[in-house]
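In this document, chain identifiers A, B and C correspond to the written order of the chains, with residue numbering beginning at 1 in each.
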Amino acid sequence: MNLQEYFSLVFSDYTLRTITLGTAILGAVTGMLGSFAVLRKQSLLGDAISHAALPGIALAFLITGAKDSNTLLIGALVSGLLGTFWIRGIINKTHLKSDTALGLILSLFFGFGMLLLTFIQKQPNANQAGLDKYLFGQAATLVESDVWLMAIITGICVVVMFLFWKEFKLLLFDADYTKTLGFNTKFIDILITTFIVLAIVLGLQTVGVVLMSAMLLAPAAAARQWTNNLSTMVVLAAVFGAFSGVFGTAISASQDNLSTGPVIVLVASVFVIFSFIFSPSRGLLFRQIRFISNRRDLELQKTLSFMYHIAETHDDISHPHTIKILNNFQGFTRKTLQKLVDKNYVTIDGTMWYLTEEGFETAANLYNQNIKKHE
Amino acid sequence: MNSAQFEIQLIASLVAIACAIPGTFLVLRKMAMISDAISHSILPGIVVGFFITQDLNSPWLILLAAFTGVITVALVERIQKTGLVKEDTAIGLVFPALFSIGVIMIAKNANDVHLDVDAVLLGELAFAPFDRLTVAGTDIGPKSLWVIGIILMITISLLIAFFKELKISTFDPGLSASLGFSPLIMHYGLMTVSSVTTVGAFDAVGAILVVALMIAPAASAYLLTTDLKKMLGLAVFFGVFSAITGYWVAHWLDASIAGSITTMLGVLFLFVYLLAPSKGLIAVMYRDKQQRIEVSLLTFLLHLKNHTEERERHVNHLNEHINWQKVKSETVLDLALKNNMIIINNKIVSLTEKGNAFTSQAIDYIITNEDAQIEDMKDDFFLFRG
Amino acid sequence: MDTHTDEHALNKGNLAVKVDDLTVAYNYKPVLWDIDLEIPEGVLMAIVGPNGAGKSTLIKAILGILKPIAGSVSIYGKPYHKQRSLVAYVPQKGSVDWDFPTTALDVVMMGTYGSLGWIKRPGVNEKKAALEALEKVGMLAFKSRQISQLSGGQQQRIFLARALVQEASIYFMDEPFQGVDATTEIAIINILKELRKAGKTVVVVHHDLQTVPEYFDWVTFLNVKKIATGPVMDIYNDDNLTKTYGINYKVSVQK
């Protein structure tokens, strides 16, 4: 199947529609909640939580023997929350720093999860539980009930976010101030954290434990570059996330041997790179262009003030001088001279130049400003 | 124990030592998550290296992959410098992208690359003894043993040669720069060693165990000592201990060796986290309780010193004024009496001479920011602790 | 010891803030020790003291951001949590992330969130109040600016506007003059003086000892313990400065 076939089939084929819808919803919800994680400077918490969820999945399978994803997700949720809780405990109660706590929980929980997974695989009744999909994600294993679950949780999440929007924004920006206004910051904090953990757990089947954190960060980091408004950022992140999900699924479905997770993550990374470079207000490209144009302006000003000092020596400012004098001045080019002529600051007469009235005044102003700055 | 079993344990132990050394410095420099990033992002380097060399143990592959690790660090720092995203986000963006590229490269060339994604995460320690190095027809041991052995030797020689510089640049980068050891060179040196170790260990134990072996032993050691040399020694010991016990647990459960070593590291950390003598959870909670009462005692004594009015010093007024619950006030009153800090006459509390001296000295220490001295002072004055 | 202050407080009428035996500890080391403090209504008060003296801690403990290990605080005779609507807070500028995706107007609107309570959204009235506050601090022209594109002084004015919107009776400000330009400093002090004229109480953590007599009428010297509190005219002298800063402090006190 190639991409074209995929897009023509996506509306008619039941399986394809289910999968695409699932990844789109997932991308949207992780994008939204990821914005909060990024703004709270908890970017790597998502990575730790998703790894910490693995032993929960394995234990849920060992205890219940059930293969249906809802049971396994409850296991993931419990162990994800446990990991989050323990990270906070380590940071609060010992002198270990937050990065160490994150790395510890991430690797230790994951290692324990892998021990359980390999143990399960060797069991006679394991009927190859297909738990492997939780490592890198298999969107193909999504069924309608999974998508319903995602949709319901996303719906709840949107409603809660809508209701507590004001409180979320306040806490994200200024937690101490939030307290003085009488809001229960602990409650808001737990609400946000729980939803982040929920979104991560929801994505494990599709994107996998290893790469889930990127789903949280990439759409949000990309969205941040395009807007200075929190609500726009959240909506944009949801859109970027949803598109990453759809495109990622499309590409991975149209090729053999491709797990969905890595492809979705790469698509999301492309969004990030594009945003970093091309965003009009923050992007690197326009920043560079502004930088260069500022430097040009500066050169222009320098040339003008050099001319001003020459013109000053004569009572008559329109007394002509040869262009040759300017060659002694570093930074002078024909182009800068032409620009000054275009701006009507300088008039050229053969090989001679003189300042216009306007040019003289502008230069005088620049000169005075410079003196002020140095004082 | 047969020779294959012995070799596996030897390899696991050497990997543990090779990881614990850079890991200790990563933990101290608050860069633990960088090891996570490196362990993931070397994957594309390994795949490309494998295309070229067709040998997972080739030194060229190791150097190429390690180079990818260093590039990752540089890339993360470059993104941080643009100010477009906050500190951690840069790490979180770079390594999943590079890892994804690696996974896709493996998937697209599944027929040519005998690399399994599971093996990438978990390693194939059990098979390590089968891939042997032969020189002039004689078998001189498993290849991965030689690889990790050489890496370990280099790490140890660098550690000994640059121990002083590493120590200074870790604890005081400013001083280090002024003494002429560039913190930047130390930083990238450490990153290179970490990357090389990660790549060398990767084949045997997989990406995630490398992270666990770097962070967990160092973090456990951190809770037990404040001396850098002791911390290194303890980290090495914890690593080797987990490697060997982990092997036998895996043997017994018939499960992944890497997963089992990580689990042992986890158990060990949990143990230290709870029981470490001064920084462990139980010790901290016990000391919290003691400190809470003792700082309340200080507060109470100072209150007595500040107020000469009898109404402020009446036993019944204490709850009301200091705003404590009855139980707490009684505990504090009790401790003060036991230590001869106060006397109670007609329900009016007053400082004794000893109490007065203690309080004055405590105020001096706190105001001059030498509050560490208070602990010593408590030893001098207190007969009973809180 | 406190009789002098007490008299003044009585003369001035109501007590805006009363702090009793307040002790706050970080990691079980006292940073504020047995503080008794009475702030009369309608004063413009500076809290001065060396670094680490617990100035910000005092404000945060009064506002309930930090939990004290002993003592109590009352605002107009009642505990703080019952009097929240009477109090506004201007945190240190450095305490928030100025790259947060929001505009100047949006930040000022946050001042109305407390009176709105949970869930309810700000409406037309709240927006009007925020615009008025922006105008008062001379920042109306910058209302749609992203906050990272403002200068340090402008950011401080936005914070001040956010507190003004709260229409409180008591204002607590943590180093509002830190890192601001001269124009902003004058603008801020004029607003503070206006607030006092309107009968409000203003408490400011202040660093610049030279300007204390010029800006404030009331002062508290703090160094873990309270050294002195009262009218600037009476107690702002070398003796108290020396007691607070530990070294022999000479400052030309204008009487």
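We adopt the following convention: a residue touches a chain if its C-beta (ideal position, glycine included) is under 8 Å from a C-beta of that chain, and two chains touch if they have at least 3 such contacts.
Fair warning: this is a prediction, and the values are worked out from it, not measured in the lab.
What's the chain with its C-alpha centre farthest out from chain C?
When every chain centre is compared against chain C, the largest gap points to B.
Is the number of contacting C-beta pairs greater for B-C or for A-B?
Higher C-beta contact count between the two pairs: A-B.
Between chain A and chain C, what is the gap in Å from one C-alpha centre to the other?
37
Quick one: chain B and chain C, Cα centre-to-centre, how many Å?
41
So how far apart, in whole Å, are chain A and chain B when each is placed at the average of its C-alpha atoms?
29
Can you list every residue of chain B that touches 2 or more other chains, as numbers and ranges?
Touching at least two other chains: 86.
Counting only residues that touch at least 2 other chains, which ones in chain C make the list?
Residues 97 of chain C touch two or more partner chains.
Mark out which residues of chain A touch at least two other chains, giving numbers and ranges.
Within chain A, the residues that touch at least two other chains are 41, 224.
Which chain A residues qualify as touching chain B in the complex?
Checking each residue of chain A against chain B gives 38, 41-44, 46-47, 51, 89-90, 93-97, 99-100, 102-104, 106-119, 122, 132, 135-136, 210-211, 213-214, 216-218, 221, 224-225, 255, 257-259, 261-263, 265-266, 269, 272, 276, 282, 284.
Show which residues of chain C lie in contact with chain B when the two form their complex.
Contact set of chain C toward chain B: 1, 20-21, 23, 25, 28-30, 33-34, 36, 52, 69-72, 97, 99, 223-225, 246.
Given the complex with chain A, which residues does chain B contribute to the contact?
Interface residues on the chain B side: 27, 30-33, 35-36, 40, 79, 82, 84-89, 91-93, 96-97, 99-101, 103-104, 107-108, 110, 117-118, 121-122, 208-209, 211-212, 214-216, 218-219, 222-223, 250, 253-256, 258-263, 265-266, 269, 273, 279-281, 284-285.
With touch defined as at the start, can you tell me which chain A residues reach chain C in the complex?
Those residues of chain A that touch chain C are 39, 41, 163-167, 169-170, 172-174, 176-177, 179-183, 224, 227-230, 232-233.
Per the contact definition, I'd like the list of chain B residues that touch chain C in the complex.
83, 86, 288, 291-292, 294-296, 298-300, 302-303, 306, 321-324, 363, 366-369, 371, 374
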